[in-house]
Every structure is written in C-alpha cells, then in structure tokens.
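Chains: A, B, C, D and E, in written order; residue numbering restarts at 1 for each.
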C-alpha cells in the first residue's frame, strides 16, 4: 500500500528540509548548528528546520514515516531499526567515534572493569547497552550475570554521584565526564573501543530509504562538511555563534563539552566506512542483538558526490 | 387572605378519569406488602387514604404514579383504557425541592422539564395562595420545613393533570395554614380524580368524598361509610366529630 | 401494645433544669426573626410551642440547642448557671438518620459519638416501644417516612438529657401511633424540661403543661391559659375540645 | 490584602523548608539546588521564564477548556447509553495507562508539532478526572428527584425523556461531583501541558525544563518548576473559588474546623 | 458468564477498531502495529509478559494501598486543621505539577532503585485524586448531621470533639466522594507504576516497554501496553465493584438508562 504518511516525491524547487535531532541541542550537534548559523545551509539553497523529539527513539520512526526528512540517530540503533523493518538508511555521520563509555567514580572502589564483579551498573535504555557491557566484561573475564543492571533512565550522573550505582554505561565522554568533574567528583571512563568493541559512529543522519534520490540531501551533506571545516578552523568564533543562538548553553559544562566534541566530529560527513559498518554488524550479530546481519547497503549508503 | 379564584384549567372540562388497579402485588425482599390488592378511584372523586405508618400507603401511591420497582405486578388502567403516563400529578412524602432552583423555578419544574413555556403568572398566583409570595425568588435551602412543603404543594397544583396523587401534603403545616390549604386544594382539584394520603382522620373527613383505610399485611383496603355534605366540610360539624370517633375506634380495633 | 416501663434513668433524679433565654436576637439577611425575644422554660415542665409555619419555631429550637448561626445573639442559661452544652437532646424537623448505619446503630448514635458503650438493650426496648422491633437491623433507606420519624424519636429518647427539644416529632405518624407515642414520650420525659414544637393544637393540649404560641415578625411568645389535669390528657375530654376551639379562634385572630 | 500577606508568608515558609531540606539533607546542588540559587535565576531569567510561562499557561487554559468539554461530553455519553459504557469506558480507562513515549510518534504523525499534540496530551490528562467524577455524580442522582421528573414527563418509562431528565435533574445534581473533578483537573492540568510539550515543542515551561534538565542547569529547571507549581496552585485556587461561587447551593460546611465559620 | 461473553465481545470490537485504524490510517507497523502482530507477541512472549505484569501489578497494588492511605490521611489533615490547609494544600497541588524527570534524581537519592521509588511515583499520581475528592467530600458534610452530632457531644462548640464528628459523621458521609477518587486512582495507578519504572528499574511492564521501544520491538511494546491497559481496566472494574458493595447505602440510580434497572 502506498504510505499515506510518506512525503510526496521530492520537488526540486523545495528548499525546506526538516531535521529531527536525537535530543535537545547540545555540542554534539555543533556541525548542524554552525551550518545553520553561519549560512552554510543557505549557501546550498536550503532552509533547514531543526526539531527536538520527546524521546531519542522517535526520530528514526518519524523519518521512516516521512514526517521529517532527516533524523539524527545512533549507529548501533540503526542496525536494530533496520532489522526491525524501518525503511531508513544512514546517509551521513555527525560524530565519527563512539562517545559512549562506562564510567565509574575515580575515588570509588572500581579501578578496573574486573572490579565490577558484584556491583550495580546503571544505564539509560538505548537498546544495546547490554551487548556493549557483555563484551566489555568478557574481556575482563566477567559475565553479565556478575553485575546487576539497573535502568536509571533520566539520571546517569546523579545515580553515580549518589552512589546508588557503582558504574554507568551510556555516559557520553564529552558530557557526563565533564559533569562529574564540575561536581568535584571526577570520573574514570572505560572506552568501549579500547575494551574489545569495534569502533562505530556515535551520531548518524538517517533518511527514508525511498527518498535517497532527493538532491537536497547531498547539498545538506556538503553544507555540513563545510560547517565542520569551519568549526575546526575557527573554534572560538564557532562557539560564539553557537551560544549566540542558544544563550542558555553558555556555561562551563557546555564549553568543556564543546571543546571535547570538536575532535570527534566527522570530517567527511557523507563518507561511509563500509568495512566498519560490516564489522559492527557482525559484532552485533555475535552478541545476539541482531539475528541476521544484512549487507551494509541495507543499513547505509554514501550518496553520490555532486557533479 | 381570601382565596383568589384561579383560572379554571382546560383539562377540568374533560370527562374525569376513573382509575382501577386490580390484583396488585408488591414485595420488598421477603416482605409482602400487597397481594391481590384492588383499588377503584371513581372519576372526579376526592379519595382520602388512611392507614398506619409503614403499611404501604406511599408504596401504593408510587405504584399508581407508575414508579414501579422490582417485585411489583398488577393491572393498572384508566377508565378510557389508556395508560396513565403523563396524566398524573404526584406529590411525594418528601418535598423533593431542587436546591439549585429558586422557589418559583421549582414550582414551574414541570414545564421546564417538558420544555414548555412556564406559566409564571399562575405560579406566582399559586405561591401567593400558599402564602409564599415573598419567597418566590429565594433558594429553597433558606425555607422552613412547612414552607418547603407548601412549595411542593404549589408545584403539584401547577401540574394540570386528571389524576392527582398526594402523600401527606399538609403534615408539616400549622392548623390554620392547613385549613386554608385544604380549602385551596379542594377548590383547585374539583373535578379531578384525587388520592390523598393523610394521617389526620379529620383531614380525611374534611376533604374526602371517599375514605379508604389500609390495613393488615398483606394490606387490604376498606371504605368508610360516606359522609353527608360536599367537601371541604366544616371540622366543627358534629357529624364529622362523630365520624372521627368512629374512625379512631375502627383503627384501634385492628 | 402496653407500654412496658423502661428503667428510670439516673438523671431524672437530679433537680430539673430550668432554662431562660433573654433578649434573643436573630436575623437572616434582612429578615429579623427575633428581636428581644424572652423565653422561660420552667424546670421539669413539658412545654409545647405552637405557631404558624415559617415564623421561627425551628430557629428558636436550634438556638436553644446551641446551634448558632451568624446573626444571632442573646443570653441563654440554665437555672444552675452553667451552660447547656452536653445537656440537650434535640430532634430536628428532618429525621437526619445516617444512611450507613442500621436503625439500631442510628438509635445509639449518641453513645457511638461519645465512645461510650451503647446500651443496646435500652435501644431495642425503645425500638419495640415505637413499633420497630423488626426493623432494628435494616438500613434506614428501606423505611417509610413515619418509620424514619419513629427511629429519630427513639434516638432522641435514648439521649438521657435534662433538656429535650423536639421539632414536630409526630407529624408523619398516623393518629393511633401518634397517641401511643405521645403517651410514651410523656412517660419517658417526665421530670425533664421539654420543649416540643407541634402544629397540632390537640397534641399541645394533650401533652403540654405549658403551651406557648409564637406569632408576629419579629416573633413574640405568649402563653395559653393552663389546662386542668396532668398530661397525657384524654383527647376526648370536653375541656380539651373547648380549649382546642379557643386556640383555633386565637390563631385565627392574628 | 490579608490573604496576600498569608500567601507570602506561606511561600516564605515553604522556601525556608526547602532550604532546610537542602542544608540538612546535604543535597548537592545538581540534585536539589538551594532556594537562593533558584530565586536568583527567577530574577535573572524572569523574561524568558515569563515568556515560557505564558505559552504553557495558554496550553493549560486550552487543555482545561477542551478537556473539561470533552470530559463532560464523555460522562454524559456514558450515563446516557449503555453502549457507551460498554465500549467507551474501557477505552477511557485504558487511555490513562498509556505512557507518553508510546504514542508520541502517533500524536506527531496525526497532529504535528503545533498546539494540537500539546492540547491532546493535556486533554488526555485533565479529561479523566473530569469524566470519572462527573460520571459518578450522574450515576448517583437522588432517586426521589428522578421519580418526580418521571411523573412530570409524558412518558413515565425510565429511559424516555432521558435528555430532559439529564438536563434538568441529573446534570445539576451532579455538578458538585463535576466540581470535584475540575479541582483535580486544575491541579493536574500543568503537568498535562508539560507532557504535551514533551511530545514536541519549541517553547513552554516543560520545554524549558527538559532543556535545562538535559543540560544540568538544575537551578533553571527548578526555577521553571517553581513557576509551573505556582501556576498550578493559582489555577487550583482560582477554579475552587469560581466553583464555590457557581454552586452556592452546595456550600462548604464547617465539619470540624471552627475557623471555617 | 454473560458478563465474560460481553467482555470478550467488547475486546474483539476494540481490536477490530484498532485494525481499522491501522488499515485505513495506513499506519506503518513501526508506529502502530496491527493487532494480529500484537496478539501473536502476546501469545509467544506470554511468559515474560506475565512476569513483568506481575512486577508492575505488585507496584500498582502497593501504590494504590499506600497512595490511598496517604491520600486519606492528607484529606483528613486538611479538613481537620486550617494550618494544614494553608501549608499542605499548596504543596500538594504543587506536587502534581512536578514532572518525573525533575525529581528522578531526588527519588533515586532518597529511595534508591528498589520498590521505594516506584511506590513513591505511583503514590504521587494516585494520591492527589484520592486526597482532593475525599477532602471535597469532607468539606460538604450535610449540615443537619453535623448539628445533630454537635448537640449529642458534650462540647457543642464547633471544633470541639472534631475527631468524633469526623469519625462518625464526616468520614462516612464523605465515603462516596472518596469512592470517586479511588475510581480515578485505579485508572491512573498503572501509569504511576510505569513512571516509577521509568525513573529506574530492572523489571516491570514499563521497563519492558522502554526496552522494546528502544529496540524497535514495536509489537512487543504494544503487547506490554495492552497488558498494562488490561490491568488498568481490570483494576478499575474491580475497585468499582468493590466500592459499590462497600457502600450499599449509596446506590447507583438509573438516571436515564433503562437497562441499568
């Protein structure tokens, strides 16, 4: 049946593009914000509208349903979503390394992953924390049954700070670590990619797979690439542009997060690391998160470069 | 206060409606109130019903008013063969005033319910007749018990119906007001079929063209001998006094 | 049913309490009910209060019961100089039965409220006396109007108080039950100070050692001449009948 | 004047209580900021706070109005028809069990990001107390009044002239119950609006709070929360006073407390 | 037996309605799955669903019990003392405006991740309808009964013997109002428990739904939602029937609908 909710065929004269962020505006979205503020989108003849969702799980659904053109999502989730039948594909990358990390308090009892045995680990439900943890623990010779997992949803740092849990997974190294630091209880991070997890893209852009021919997407990615380069070249001006539109972000935490995020931005947002995707799909398959690993082309594409 | 004549209602010209109830049966749980009870209300006759407390007078009135409850059966019809719905005016033992309406609005409740234009003039007239001209616009919760009962009476008299059922309409009124309102009721209800429950034998003697006494369990009805003269009779009349003593004796005997 | 003597209550041995109310003032909004009203209730005397509907009888009773509303003033005291709180039994014009309690529990409400052990035996006795022995355990909502009133009466008589205020306690009862319960009340309340509001002059004549008539606005009280003999008097007595006619004339005159 | 003074002293007392909790609970500011910090944010950011409060206030009022209308209509339908009871009532109850994240995408698809989804969410919250209380009131009309009305109406079958009976007897008799429902609704309306903003929004106190929360701007979040709570309290007392004025025949009785005299 | 048949037919009807919405709304399954898919999940995953339903059910029941107790206590306090009204009532109302994410850290800090925070959240939700309705009932005791009680008690000042009047008159008279509050509470209790699980949990239907949602197991999420809604409906009808049995002196009157006879 034709999908009533899918947008109509791309109209070449249409400049409007709606992008749904994964969460409220934060330094992870630096490239998008700068492209907007510094006119990189406008230079590509695009009018981009950024929206925020109720729940990080919604944007891919709404992109699939055609309610928005592009959605910001996470690479591990992308595999889950596509396998669950969502007609979406990754077309771009915002943050090209993992941000996720396993964090404990520096002065806490846990000094290494092996120390986690018998402890409580908090997580914010994302979909694959268990798999992540399982293989991180496995490298230290532990099983998932050796720890207690608790969904702490809204409050990763508070859960850790108030010692309700001994570690949290799902903490972003650019954000929660700074947060703990500012609370004068510095944390210690264990990075998944150093603990046996293949590296992946934390933030990706997904679009409905039926609409990949839409020429605006390519222009969008070009603008994003230009914005990223600008960001790297002019970090201070960028920060000023960022907070000029989002005055409420002008605080120490976000300044630090900004600083820590810039090196992780995807230099070439459109580029697809095909083998990396394949490797990660295999990893998820091995962990039992996916029951089948489809060819990479089912999950992600690299849009043809503009002529 | 002289009783001002109220305009005769159109219905009083129609032939009066006689009512017959045959082999009525009513039980509440295990309690058999009526079993094969027969009642005849001759058309246009003012009938009074006496009987001890708790015997089933109000239940009979509710039955006639069509307010059936589970456990009731019987054959109720009017002399014209049609059902009684919509042809009954009913004044319950409680005043049932609606607290959110003014006294006047309570009196014209019938027309409000039927979305008819309310005859405010007649309602105000009736309120004046029951001595509540000054209270027309107040809410009922400021009224005394007897005043409430008078509002309920006015509300019943507003309803222009061939069959009028009244459950102790004057019980909360002082002797004088009672006499005056009895006269008013007799006048306004002339030509209609009326069944009035009362505890006051004198009231029955004063108003009743037919006097029924309910007694026993299951209850039975028996008629008292007819009285001379047309109601409203003079309560000082020796014949009435004699009949009164006879009633008391009769009630005592049971 | 012969009235079984109930055990005399201890309080009836205490000296009876006389009540005096001086220059009572009561207004409702703009309506001045009393202005400088004086009332004397001699100790141990059964006083009956007559008066037209809406004149302020119930309001006076509420005032004596200590149920003051805004707009009231006056000087109320007992003969022993102490206040009246806790020494009044009050039967309002409505029966005020609590629907969630059984009849028996309603009758013993006073002791429930005061967390005293309930005298169930006496309550059942009283219920039998008012003819409701069979209904002790049912909920009040299955009772007829008169039955409810009798429960309220039993509840009032359960309260063993020197001052008893009753607002039309027999209005919903048939003539016979009324006579019987009047006798019961006269017997049980002997020696107490009683103020009973009634609409029935015969009732006042039968029960009252003192009969007051309330009239006018602001209301005034006037006493009727004393009657011979001790209550309960025989309603057939010619002296009573004569007094009855005199009362009617007197009421009519106003 | 006097009531304003009392309001202020109550407010001061509550802030003092808060300070005590913060101090003695040894709560770090990222969990519960101290009231002074919040007051300074209230002062500093009063402009944006007022703006967002205005947006949320409008949503609350619209939600109240539509939720009340829909709630009343549902209650009438439920009491009017057995079929409605059988089909609608379970749906109504089930609707209360739906967490916002489960239907957020649906709401967005159907209603978009405008006022629509916000009003829908706040209606979903406000609506049920109104419906349930009013329906309860409508189910418990004193029988005597119903009897009276049935005799007065041409068809004395129960069920005939339902509408007249509803309109003139059952609805007015159920107004005190509806009033109870509206009081509950007034208290939950603000959270309804916040839930609506959660589904998607670009302004409003809920939006501000989510933002502040996701950025650990705890003082700002509590300042917004404070404004929201103040809105709720104001709305409640406003609704309560209005209802008391509208239902003079159902007065408050001084059950136990002499000071209510 | 008959009512079971009706229940099933109602259920079937609602599922059919759902199917119609899915079909004609052309909703993709990742936004609203079709009922058959959900039923098959219900069947296939009945084990875990039952387990999580058990956890949530326990939270609901505990929340109902504690929320009701606390609500009744608060309402009594409010009607008992003017001070409580002045200090507690605004706090109660304000508490209703607090979104879960704002106090999640506080709850966690104080109550941890066990049953505590879940019961606290569901209490917060259940509590207000109970309090507000009961308090409303307590404020509107029919005056005649109060008068009667005052005369019967040794001190006839309003305010003396408050407790006896509350216990024997005002509380029973307010039970129908409390019953209305409990009906609302029964309908919102499940979402209360889910919110509690949202704050932090490792089991329960809310937890299951969060997981399913994040893994795009939309059918499983809706299956859990269905079970939750069924719990809500069951709880409502159970509470309603229980209350009707407990308050026989406050019967339902057939206002308008002949079939309730």
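The rule is simple: a contact is a pair of C-beta atoms (placed from the backbone, for glycine too) under 8 Å apart; a residue touches a chain by one contact, two chains touch by 3 or more.
Nothing here was measured: the structure is a model prediction, and the numbers come from that model.
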Query - Mutual neighbours - chains that touch chain B and chain D alike - result: none
Report summary line: Contacts shared by chain A with chain E include exactly D
Query raised in the report: Among the chain pairs here, which one is joined by the most contacts?
Result: D-E
Report task. Just grab the chain with the largest centre-to-centre distance to chain B, centres being mean Cα coordinates. Result -> A
**Report entry** Gap in Å, rounded to a whole number, between the CA centres of chain D and chain C
**Finding:** 49
Query raised in the report: With chain centres defined as C-alpha means, what is the inter-centre distance between chain A and chain D in Å?
Result: 37
Requested in this report: Calculate how many whole Å lie between the centre of chain D and the centre of chain E, each centre taken as the average of the chain's C-alpha atoms.
Outcome: 15
Report task. Any chance you could list the residues of chain C touching two or more other chains? Result -> 94
Report summary line: Contacts with two or more other chains occur in chain E at residues 27, 31, 101, 105, 109, 157, 165, 169, 198, 210, 213, 250, 261
Query - Interface hub residues of chain A, defined as touching at least two other chains - result: 5, 55, 57, 61, 65, 154, 158, 162
**Report entry** Chain pairs in mutual contact under the definition given at the outset
**Finding:** A-D, A-E, B-C, B-D, C-E, D-E
Report summary line: In the complex, the residues of chain D that touch chain A are 28, 30-31, 48, 100-101, 104-105, 108-109, 113, 198-200, 202, 210-217, 220
**Report entry** chain A residues touching chain E - in the complex, by the definition given at the top
**Finding:** 1-5, 55, 57, 61, 64-65, 77, 80-81, 83-86, 120, 122, 125-127, 148-155, 158-159, 162, 164-165
Requested in this report: Show which residues of chain C lie in contact with chain E when the two form their complex.
Outcome: 62, 65-67, 84-86, 88-90, 92, 94, 96, 98-100, 109-110, 112-115, 139, 141, 159
Query raised in the report: Where on chain B is chain C touching in the complex?
Result: 28, 50-54, 58, 93-94, 131, 142-147, 149-150, 167-168, 171-178, 199-201, 236, 245, 247-248, 251-252
Query - Interface residues, chain E side, partner chain C - complex - result: 144-145, 147-157, 161, 164-165, 168-169, 172-173, 175, 247-250
